[in-house]
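First up is the structure itself, then whatever we jot down about it.
Chain nomenclature is as follows: A, B, C, D, E and F, assigned in order of appearance, with residue numbering initiated at 1 for each chain independently.
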Amino acid sequence: MQNVVVKNIERATNAAKFEQYGVATVHEAQGRKGLMAPDMKPIYQGPHIAGTAVTCTVAPCDNWMIHVAIEMCQPGDILVVTPTSYSDAGYFGDLLGTLFKARGVKGLVIDGGCRDVADLEAMGFPVWSKCISAQGTVKETLGSVNIPISCSGQLVNPGDVIVADRDGVVVVAREEVDEVLALSQAREDKEAGVRKRYEKGELGLDMNNMRPALKEKGLVYVDSLADLKK
Amino acid sequence: MQNVVVKNIERATNAAKFEQYGVATVHEAQGRKGLMAPDMKPIYQGPHIAGTAVTCTVAPCDNWMIHVAIEMCQPGDILVVTPTSYSDAGYFGDLLGTLFKARGVKGLVIDGGCRDVADLEAMGFPVWSKCISAQGTVKETLGSVNIPISCSGQLVNPGDVIVADRDGVVVVAREEVDEVLALSQAREDKEAGVRKRYEKGELGLDMNNMRPALKEKGLVYVDSLADLKK
Amino acid sequence: MQNVVVKNIERATNAAKFEQYGVATVHEAQGRKGLMAPDMKPIYQGPHIAGTAVTCTVAPCDNWMIHVAIEMCQPGDILVVTPTSYSDAGYFGDLLGTLFKARGVKGLVIDGGCRDVADLEAMGFPVWSKCISAQGTVKETLGSVNIPISCSGQLVNPGDVIVADRDGVVVVAREEVDEVLALSQAREDKEAGVRKRYEKGELGLDMNNMRPALKEKGLVYVDSLADLKK
Amino acid sequence: MQNVVVKNIERATNAAKFEQYGVATVHEAQGRKGLMAPDMKPIYQGPHIAGTAVTCTVAPCDNWMIHVAIEMCQPGDILVVTPTSYSDAGYFGDLLGTLFKARGVKGLVIDGGCRDVADLEAMGFPVWSKCISAQGTVKETLGSVNIPISCSGQLVNPGDVIVADRDGVVVVAREEVDEVLALSQAREDKEAGVRKRYEKGELGLDMNNMRPALKEKGLVYVDSLADLKK
Amino acid sequence: MQNVVVKNIERATNAAKFEQYGVATVHEAQGRKGLMAPDMKPIYQGPHIAGTAVTCTVAPCDNWMIHVAIEMCQPGDILVVTPTSYSDAGYFGDLLGTLFKARGVKGLVIDGGCRDVADLEAMGFPVWSKCISAQGTVKETLGSVNIPISCSGQLVNPGDVIVADRDGVVVVAREEVDEVLALSQAREDKEAGVRKRYEKGELGLDMNNMRPALKEKGLVYVDSLADLKK
Amino acid sequence: MQNVVVKNIERATNAAKFEQYGVATVHEAQGRKGLMAPDMKPIYQGPHIAGTAVTCTVAPCDNWMIHVAIEMCQPGDILVVTPTSYSDAGYFGDLLGTLFKARGVKGLVIDGGCRDVADLEAMGFPVWSKCISAQGTVKETLGSVNIPISCSGQLVNPGDVIVADRDGVVVVAREEVDEVLALSQAREDKEAGVRKRYEKGELGLDMNNMRPALKEKGLVYVDSLADLKK
């Protein structure tokens, strides 16, 4: 039950390549897993980042461990923070944003609150959080850094890839990065073809030959509402 | 209990004329009915649309029927989708947005989630939804198209008018369109007069002669807080 | 149990000086009190205001007292409205916004809904509210003006200072304004120094000599995840 | 846009027969439609009722129309009430409960709040509501009785059957009552057989021959977690 | 900005007499004010208490001040606790319940979480809270005792009367206790008469002569749904 | 990205011994970690269980994998189920409850909905869930069994101990079971002593010598509210 900081973690290679793909694409490509909850939103619109996860647990209303975690971060990392119990406090603001930016951290994902959002937008340090809150935190209780954590409904292992955009945040397991990259590109390629046909107004019903299956399941076409009651 | 697609619906005439009026104005004009819940929000700010409703039910986490519904849409329509049970899945993304735009559909109103919101904003296809979610859906279960539905707390009949702006979404019954148009304009005219007087700082208390009613209900003016306790 | 309007209130001096300080800074400076809940959000991004509170209670779904309250407002005031029971109605729209702006009121803070948000943004009248809702209100039931109220979790006395920005809304007690102003400036000064050191990448761990305390609480640094299980 | 009271409605026959079947069973039997949202809960545990719907819309925070609606109710009816916009007011209490009970109404389903719940339990008048709230309502604004309404996510037509138990509330369309009754019984019969086999510990995997489908979809059985990473 | 404990407060007399009246009755009697939000619920069903308020603010996730507050409580008091920012921690459990009961405190009202609810029910110490949570709290940060506070949407002054039952919690201002007691009894008396007439099935429409007002507002009675569309 | 079922897991020994300790006690004993969110509630009051976790992921609105998971369960296990994305569907009902009971499973913890709660209570099969919902699920999509999962905010490894009572659900890591058992007992012993002193009305302030620390932090005792303003 000791609180620990793991100094050496194995980071996924090629994490930044995921910036070519949207969160929805990556999520689909890896079989619809790893997506954080929809209340995990960017504090300002625009950023689309991908990097390697450094993980961190904090006590509720306590951001002490974020100061510990930053020392473990390398350029290209994304810090993923989860309180051991929910509070709507603001664990992160513009001062920490300054430090994180100086150290080359790409962004923050936190299952709690963030503050100074106007300043963070001005300096260009992106955060995905559950809420915006000016409520400060204390520095009294330990947590851990670089252990497996649960954040916003997903398991995150240190070194995993985090992809975040306006649609939300998705986690890619370190061992599956290359496979998911390939599948994401394949999905993009396939969607490019679909998009062209959709632009001409071609129906998915025809493109994917859905009509027989709909009929088999019992879908009935009627001319008017009145026919329904007969 | 069959799932049906109604091919011919009677569409309200003059639907687009509602684009002159805000949702709040239309809602007031028709006697404060038809307003969807406040969690029905535009995925990006700016759009103000009005069109005729094509309605669609989907199974939770299943967007198959959206593919069926688009074939029933005409230019100027707005698709209104309601899952039979809540899920925060993302039923609609940029590919379907491309198809809907190509077919002249004005927008989507969905009592569920939407994804690829950056792309949808870039292409200018407006959506009002309950949440933003990258979670994909399956294509396994039937629903119906163009039957009366309940969406975000309101009854929507196919052919009704949908008006949507930054304040939310309101439904105007097809039979009442002309009356509501006239009442909306009348309200605008009246408000224009009020606005001019408000711009000069005239009080509603005086303009609407509210003081006698306030006095009759028992409102008391005192000079200071201390007077309260006497 | 009478409903009253208090005509003469003592207003805090120097209220506008708080516009130099963010909500988070002021909240910290006064010992982390007075912060409204995180669901109190600006209806559009940008405004950062500070002014003296005129307080107002309204019956749920009834905005009559807002018409009474505006007469009690002076230029530089911020109206703070709280329904006696929650409703998501839209108590305030562009017409009232026009009047409030004409009278020099700086903004509105309401523990309920607001509508016509596009118009309010266009005219530059800032509102912090719990939701955006086109639902109208009636004018039937009395409330009070300039009595102590509870709004979004905080006690507000008439004449207190309200500071509001993108992070939320904070209340400063009238008696404590000068002290909090001084403490806010002191905090800014101190943060300026911290910011410079953070910009160079200096760790908070070192700057604030946190390492001994972390060690004393039992934090352990290990080289790898495998060491955890030994 | 007139508010109306429809005096004569066609009521489903055999409504009370649904008291033999749980809400979950009926919902499945009719193809998973008609289920109200999970926040629709009984104010006390125990009741399981089925009856014919009398529908009623009310203005938010206004219960006037409930007084109108009761005159339209017959013994065996269930009143279904929906506010035109959400409020957490308590629209119904022990006095109205006394009246409803005296008139033979079986229960109330309301997409809003209820109060005096201890008294209502003592007298045995069951209510399903969104919340418990002592907040009173006014009698100022009209609504309608016995028109199609949207209640807690479902379309309810007057005369439809309402079934409510501890799991929630389901609506059965009047035209489909006999079919759904038969299907509910069939489901019960089938489930009785399944239950017997489950009581002996027989697996659904075997009973329904699911193993080939699982294998075809790609499910893999491994001996240990370590095998996962190979 | 100092944290203070006020040792001598003026307590309302006759507080316990409110145990004769339900929360809904008292709330109505005092003109529909003072009602806490509907998420303030008893942790177990049964208790109906009334007593004088000792007030207490706590830092989020910190219950230190509850230990300070108990010393200020007298037999017959109810402790009212509000965190300065929301957290779902469990600030109060069976040990503190034991102490409070020993000291004659009637109950606890807390705008946060409570734990050990099975034990608290077994010992008969009633609590109204926002949630049930086993999450512990720290003892690091000061708050105040017996200052005016905002709790669950209502202003509570030390010495006010708190009435709590299954419908929720209502605050009666100390200065208004006798008036509200009299009005509560008057309301009970009046309701007793109404109840008798309702038991016989007499309609409120007739008893209160509502029909003319309904007609004047424009309510129309029609024979059937079909008449609506004509 | 394959979906897997791990057949052999290492189960914690002594899991059932945790039934002597409440969730709050265990959570404290292990340093305030592992507690699921407060919306994880028992579907009926009474049960207090402890057992070894079999873990299971399901697709939203799909309970197929629960049928797979039961085959992996042994008597004394507790199944912990997490959907890969939130839905309020009812994944589990009385039929599955019958099977689970027959196989000796102690209970279910599911970060989703449950149905047939009256039947489940009658048969005595305890469930902790996020909501009660009659909405059925499909059997179309794979998940995994006995992999590490995130459930209601906590990481659960197969073989960990789950303790659940009226206060919620806590996870104890398999490797730490003996240590946490000892610490739970130590905590109980210590609390027994505290309880005795509390029963006599002794203050925590004195028992734990808190007064000097309160004074040092700056807490001030004043005689009356009026002294506050001086």
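One rule holds in what follows: contacts are C-beta pairs under 8 Å (C-beta built on N, C-alpha and C of every residue); 3 or more make two chains touch, one makes a residue touch a chain.
Being a predicted model, the structure only gives us computed values, none of them experimental.
J.: Going by the touch criterion stated earlier, list every chain that contacts chain C and also contacts chain E.
T.: A, D
J.: On the document's contact criterion, could you list the chains that touch chain A and likewise touch chain D?
T.: Joint contacts, listed by label: B, C, E, F.
J.: Answer with same or different: of all residue numbers used at the interface between chain D and chain E, are over half used by both copies?
T.: Chain D vs chain E: different; shared/all numbers falls short of half.
J.: By mean C-alpha coordinates, which chain is most distant from chain C?
T.: So the farthest one, by centre of C-alpha atoms, is D.
J.: Which chain's mean C-alpha position is the greatest distance from chain B's?
T.: F
J.: Among B-C, A-F or C-E, which pair gives essentially the same interface as A-C, with more than half of the residue-number contact pairs in common?
T.: B-C
J.: Distance-wise, how many Å sit between the C-alpha centres of chain A and chain E, to the nearest whole number?
T.: Measuring from centre to centre gives 41 Å for this pair.
J.: How many angstrom lie between the CA centroids of chain B and chain D, rounded to a whole number?
T.: Whole-Å distance between the two chain centres: 26.
J.: Please compute the C-alpha centroid of chain B, do the same for chain E, then give the distance between them in whole Å.
T.: Computed value for the inter-centroid distance: 37 Å.
J.: Residues touching two or more other chains, restricted to chain D: which are they?
T.: As it turns out, chain D has residues touching two or more other chains at 3, 32, 35, 37, 59, 85-86, 88, 133, 135, 141.
J.: Following the definition at the start, I'd like every touching pair of chains, please.
T.: Listed by label, chains in contact pair as A-B, A-C, A-E, A-F, B-C, B-D, B-F, C-D, C-E, D-E, D-F, E-F.
J.: Across the complex, what residues on chain A touch chain E?
T.: 59-62, 85-89, 133, 135, 138, 140-141
J.: Touching residues of chain C toward chain E in the complex: what are they?
T.: Its residues touching chain E are 1, 3, 30-33, 35, 37, 57, 59, 82, 84-86, 111, 148-151, 153-155, 176, 179-180.
J.: Flag every residue of chain F that touches chain D in the complex, lowest number first.
T.: 2-9, 64, 67-68, 70-71, 88, 90, 93-96, 98-99, 102-103, 113, 115-119, 131-136, 139, 141-142, 146-147, 158
J.: If we count contacts the way the header does, which residues on chain D are in touch with chain F in the complex?
T.: Against chain F, chain D makes touches at 22-24, 27-28, 32, 35, 37-38, 41, 45, 48, 165-168, 170, 191, 194-195, 198-205, 208, 210, 214, 217-225, 227-228.
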